[in-house]
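When the chains are written out, they are named A, B and C in that same order, and each has its own residue count from 1.
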Amino acid sequence: MHNQSSRGPRALTLALGLAAVIAVPANAQQLKLWEISSTNEGVNQNWENVIAQFEAEHPGVEVVMETFDTEAFKQGLAVALTSTSGPDIFFNWGSEDSAVLARNGLAADVTDMGEGRWLDKINAGLLAPFSVEGRAYGVPSHSIAKYMYYNTAFYEENGLTFPTTTDELLAMCKTVREIDPEVAFTSLGNRDQWKGIHYVSMLTAEYVGVDAMLADMRLQNSDDAMFTDPGYTKALAMMRTMEEEGCFQQGVNVTTADMSRTIFASGLATSIYCGTWCPGTFDSEGLEGGYSMAPFPAVSDAPEENHGYILGLTEGFQISAQSQHKELAADFIDLILSDAVQAERLVLAGRIPVNGAGVGAVSDEVHPAIQHVVADLPNYKGFAPILDVDLDGRIVEVYKRGIQDVIDGRVTPEELMAKVRAEALAVKSER
Amino acid sequence: MSELSINGLRKSYGATEVLHGLDLEVSGNEFVVFVGPSGCGKSTFLRSIAGLETISGGSMTIDGADISGLEPDRRGVAMVFQNYALYPHMTVAQNMGFALRMAHVPKAEIARKVREVAEILQLEPYLDRRPMDLSGGQRQRVAIGRAIVREPKVFLFDEPLSNLDADLRAHMRLEIIKLHRHQKGISIYVTHDQVEAMTMADKIVVMRDGNIEQVGSPLDLYNEPVNRFVAGFLGTPRMNFLDATSTGVANWRLGLKVGGMTLSPPIRPDADALPEAGAPLSLGVRPDGWRIVAEGDGLAGRVVHAEQLGRETVVFIELEHGPQVAMIQPGQYRLHSDDAIWLAPAPDELHLFDASDAALPVARIPRTNSHN
Amino acid sequence: MAQPPTHHRRDTISALTLLAPAMILFGAFILLPLMQTFAWSLYRYEVFGGVKEFVGLDNFAKLAGDEVFGIALINNLKFAVLSVVLQVGMGLVLAALLDRGVRRFKVVYRTIIFAPILVSTAAVGLLWSLILNPSIGPVDDWLGLIGLSAPRNGLLGEPAFAIYGVIFVGAWQYTGFMMVILLAGMQNVPEETYEAARMDGCKGLRAFFHITLPTIRNVIITCCLLTVIGAFKVFDLVYVLTNGGPGNATEVLASYIFRNAFEFGQIGYANALSVVFLAIAFVFGLIQFRMIRR
């Protein structure tokens, strides 16, 4: 789920996955779970433990977990849910991704299943990202968020403090280049376009405001107002300014997300805007804890009331409308939300819990960066929306590819927003 | 009239020498055939003359001009290959005119020459066809035509008929000879088939292991082979060889013991270094050189098999004290397996070879007159 | 000789029986999907939301005005033309050198040149995106050695150059493959043919043009067709090298069709794109068929 917004060809994997699905023999007491595959041992260990516990508590029930990489999962899910061989329980993002399944009747309504289960563990308000018209169609299990990670040693050695506003940020870009022209303030790997649109999402939330932005993204604004807020172009202009001021390393649009993490870890950039899943990579690339975390700098010329949001979302699980074992599935989801499992997911898999009741007991075992996040997240007003998660795919396509052009200066922010608006109107007219 | 002169030609591949200093003079309009068992170097010799092999030593001249350093197309030679080596993507006319095109001869001139040669070879109806649309014999004629068009002084043929069936081969043999007479110039023809050599050559060059064994007209070589190898190579069935022992020379005659039989063939007056008594010799008798004699008069044997060919009979005989031999008798002999038979060589038909396989100077009445 | 009609009919029946399995498979896996593609190209058909309505040629009208489709089509054409020049052209030169130029270590050279085809396209793409990355890769330094400087964003980061960068990497990967096919063709030309040509005063480069090239003509045409088809099918290489960017600069038909179908869920439009794609492939196939028969 890490690069949840990169899109591409995984049709083969999908086909193989579907073939595997067909090969599983039907079993009356079989619960099928679909999840995004992970190479993280902790994640896989946690799943083994949870499944073992569930099977022990429910004799005769077999939980079959099938994992897919992100793209195959995205492309195969809707098709599988309309067939008879789809999963009973499946991972999803608390966003348009889960809402679209709910609207099309592919996800089960779980509003009434929470009583005596997860509603004892989490606040009902947390169901909002999985809700459509007041009914819940999924349950959050953890959250993800993006922070600025910076090289602690670099800032300490040079007597610098990490910028808290964009004005400071632009100044810092110059300062870093003065110290070492080979080093950039921050590393951006926008080859696959989703890193850039995350930047723009955060900047836009600051300039436009979360509610106004969500109204545009859900195509709920009137036709003349949609995507007309000047904040959209300001956010894009900030990207261009950062590029012009040398804030990024060379070749932003030919650098992949993986490469950008390597660039940061190797010291060629002093910081990186990265998700809560990133510290593991930095550690394995040799930085081993030599980094600190900071919120994305507040945008200096944005309205005061828009500050204080963090880019992120909750992720969780939905139940298939076709499932023959909905109650069993609800029990399984409830287990994931239990105090002990939430704590274990934090320890083993770095998943930021939605139910923090068990965290106190394991705080010693948690990665310092994650501890920081667990402690820090409650300080924000809420999540800033991620443009490529909640926006229609065709609009995202125009938007994120246009951001590459804006960064390189081939297209002005105004030109790009005109195209985005036109595409949004086209999509809306077809709905 | 052209003249090809080769002196001390050597060819090595790395440390291995395959041609050991060959000398050859060819003049006039001779049709020369290189013959020998496979691996004897005859093809390499031919390819050296063609310029397809770089030689390691010696010299080659055509009409007095040294050609050994020249590119193949500058030597005044043309070659007909065993597999025709036609250009598959070109028509017959293009194949035949290719050399002229490469030499920048004007198009009209090329067309005229190609037409002329096509007429000689009766290839006119096929000029616009591709090689793959022709029969084997037609392809062969195109390959020959391609050589003729260049008007070379020396034609080289590398086993050109080996891919044709027996009938067509006999026919093409005659065609090539007729063409040679018509074209003038020297032809050098490589074959491993001694029948081809005997029937076509003005001059045969017998080769073995990178050396020339003997050069001469077909009948010279047949009648007076210089050694046992040449004697055995020409003629079918092959010459029969029997072990013999010298009993010394007396009155220009050489005494011999062969099995239980004694012979004393006459020695030529010019002979020197004759074998002493007791020296081991080899007696050679061609299959038609045997006479059937009365019991006890010659060598005893038993008929193994008799091939009744009507005009003649080929008999294979197991000698009592010697090897199996072949005998040809004109006319029809009703012989059966296991029939006892007594043989002796006709006095004029025997060849003698010493321990080093060199021929001994046995005096013979010229064979051409003695044939019945 | 004419056969009695009963035999004739029985032959027809047994022929049909023998052909049936192949025809059924062909029908089920090629003909039906093909017809379905044509049919769906006339629909507005969206997976998400379940829209399916007949719109006639609307999809094709939309396609004509689709800027990205235009970019993709031109990129594929560039890819095809330049790949033929680079892959088949370089392949020919290398094959000719290995066939008749180089005398020693032929197998070594051939193996080295062939090797890139054995590497998966994903790995090749990753390798070259690292090499060509201006922050990480060494290209800047290499160009510096000959007094040039790479574009600030790297070869793949400039829309004007990016597609050529992708084409170059494709050529790097496939030239060896073309070389091996062409070399196999060349080695089928008998040595005697070259000797005959030498006797006719034709050797070296002249022999290459007068003998080698015309003799392996059909092999060359096949290579060209393979390359052109490959260029129109190209997808993975673009995906791993540039993901279609910067902007839409390196978009190609296959990735655009894929995105429309599986990311935007616009099955009808994706089918219309496929029909155009098919038409182009058909034309190239026809050209090749005509050329190779002669």
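The rule is short, and it goes like this: contacts are C-beta pairs under 8 Å (C-beta built on N, C-alpha and C of every residue); 3 or more make two chains touch, one makes a residue touch a chain.
Chain identities (UniProt): A = Extracellular solute-binding protein; B = sn-glycerol-3-phosphate ABC transporter ATP-binding protein UgpC.
Note that the coordinates shown come from a computational prediction; the quantities given were computed from them, not determined experimentally.
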Centroid comparison with subunit A (C-alpha atoms), farthest chain: B
By Cα centroids, which chain is closest to the centre of the whole protein? C
If I count C-beta pairs in contact for every pair of chains, which pair wins? A-C
State, to the nearest whole Å, the distance from the C-alpha centre of subunit A to the C-alpha centre of subunit C. 37
Centre-to-centre distance between subunit B and subunit A (centres being mean Cα positions), rounded to whole Å: 91
Whole-angstrom distance, CA centroid of subunit B to CA centroid of subunit C, is 58
Quick one: which bits of subunit C touch subunit B in the complex? Just the residue numbers, please. 190, 192-193, 195-203, 206, 210-211, 214-215, 217
Subunit A touches which residues of subunit C in the complex? 44, 47-51, 129-130, 132-136, 152-154, 156-157, 159, 235-236, 239, 242-248, 255, 258-259, 262-266
Going by the contact rule at the top, pick out the subunit A residues touching subunit C in the complex. 6-9, 11, 75, 78-79, 100, 104, 191-193, 249-256, 259, 262-263, 268, 393-394, 397, 401-402, 404-405, 408, 410-411, 430-431
Which residues of subunit B touch subunit C in the complex? 50-52, 71-74, 77-79, 81-83, 85-90, 98-99, 102-103, 146, 150
